Amino acid sequence: MNLETRVRESFALQGLMQTLSASVTRVIAGEVEISMPVSSAVTQQHGFVHAAALAAIMDSACGYAALSLMPEDSNVLAVEFKVNFVAPATGSSIRAVGSVIKAGKTITLTTANAYAVSSEGEKLVAVMQATMIRKS
Amino acid sequence: MNLETRVRESFALQGLMQTLSASVTRVIAGEVEISMPVSSAVTQQHGFVHAAALAAIMDSACGYAALSLMPEDSNVLAVEFKVNFVAPATGSSIRAVGSVIKAGKTITLTTANAYAVSSEGEKLVAVMQATMIRKS
Amino acid sequence: MNLETRVRESFALQGLMQTLSASVTRVIAGEVEISMPVSSAVTQQHGFVHAAALAAIMDSACGYAALSLMPEDSNVLAVEFKVNFVAPATGSSIRAVGSVIKAGKTITLTTANAYAVSSEGEKLVAVMQATMIRKS
Amino acid sequence: MNLETRVRESFALQGLMQTLSASVTRVIAGEVEISMPVSSAVTQQHGFVHAAALAAIMDSACGYAALSLMPEDSNVLAVEFKVNFVAPATGSSIRAVGSVIKAGKTITLTTANAYAVSSEGEKLVAVMQATMIRKS
């Protein structure tokens, strides 16, 4: 199965991603992009996108970036992730780009940036460092 | 306004928490509990609760725990959080308990545990360490 | 070999711990304490104990706490750690207590608190969450 | 006072950096490099450079990178940092490069990479994400 199909089929099984109306917008080996429209379904109390909604698509982007470099029968799970939030997230959509820093046999280190997209351009809103583990 | 009302009114404004069907189940000064039913709306590709759905209610529990010790006109934002996932999360609901480790004038350090609740009891599934900042 | 001997023999091989004049002050299954005297050898630019010197003994305390629950021929390595600093560290010594939150076959999650010890008592100065991996 | 002088004068006051024989090897606005020779003074039990010795120079590199973009009378403190270790660190020296991701009025987000330098070239050994706070 080709890489993009593999990622898209797995992604379609993630109930949370459907709940957030997120979609896979790019897949290459070692890098996956996930986008999410901004709506009241993903906000916090001040009307910004909730930190955890940013984290959700960043985590998925990191997980699939890791998976994209693993053998075809692998599964991937998050061991841990860490996110810093650098600006309030507003706009029309959020774009999370996850990429692999170091792919290991068991453990893969990944990182993701999240950008708020608006008519004025893109703004970095969060940065993640995430550890993924391969389960066969 | 009393503490519990303050937390519940702010929580009601968090679109994401409604999207996840999460609710505030306990509020005391320095500790807030948020619960979320397990359903296909919050899963990942293997049918477990998505790491980021766990993170979402832990983050909110930490944020409100921090807010509960701040002056009444304060707002709270996550500077960063870090979550370790220790077991697959299944069951009927998730219970996240956030508490304050150290309340500062500007920065408050919080922690949260998430437990998967099933007919067999509770199981620790994730642990968060989160930094909150006060905005007046 | 008994647990305490195993920890102490490994600890004696850690050049950095000798450089910091750190010592193992308590070992039980799942919990290890490491202490370090405060001196100008471990300070930062304002005369407080350097964040990284705190992290050093916390990391070792976490690593040995993890090792204490592993089979006897195991080695342990840090996958990652995360530390929050909650107060300036001054006093006569630092006491770091590392303990296991969840021991897995491969991955063990640990936590540590660091306390500054002075004639006025103890003060929490830092909190760590650390992921350890077993290498056989 | 010029930027490099400011960083070097502060660095000279960090007892821990002298204990580790670390030195500032490059300063530009928003990016600081710190190097440390590999010796038995900084090892862990298997003879590799101790995770915390890597963290120490990464933390200092991040702190000074943050300081380099602050007003001249500022002090900087680490709120928290998080490090992932991706390969055993051996060689003749370690080179840590800290840089600013987002400089804020109070909070600055930084990142650092650490490289083990040997006759065979450089190898990435650790990655840090660190939050710095300005104290005036």
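Each chain carries a letter (A, B, C and D) given by its place in the written order, and its residues are counted from 1.
In this text, a residue touches a chain if its C-beta (ideal position, glycine included) is under 8 Å from a C-beta of that chain, and two chains touch if they have at least 3 such contacts.
A quick note: this is a predicted structure, and the numbers were derived from the prediction, not measured.
Farthest chain from chain C, judged by C-alpha centroids: A.
Should one ask which of B-C and B-D has more C-beta pairs in contact, the pair is B-C.
Each chain gets a centre from the mean of its Cα atoms; for chain B and chain D, those two points are 33 Å apart. Put simply, the C-alpha centre of chain B and that of chain C have 28 angstrom between them. Within chain B, the positions touching two or more other chains are listed as 79-80, 82, 84, 131. On chain D, the positions that touch chain C within their shared complex are 10-11, 13-20, 39-46, 50-53, 55-57, 59-60, 75, 77-85.
Put simply, chain B touches chain D in their complex at residues 79-80, 82, 106-107, 131, 133.
Residues of chain B that touch chain C in their complex: 82, 84, 86-87, 101-102, 104, 109, 111, 124, 127, 129, 131.
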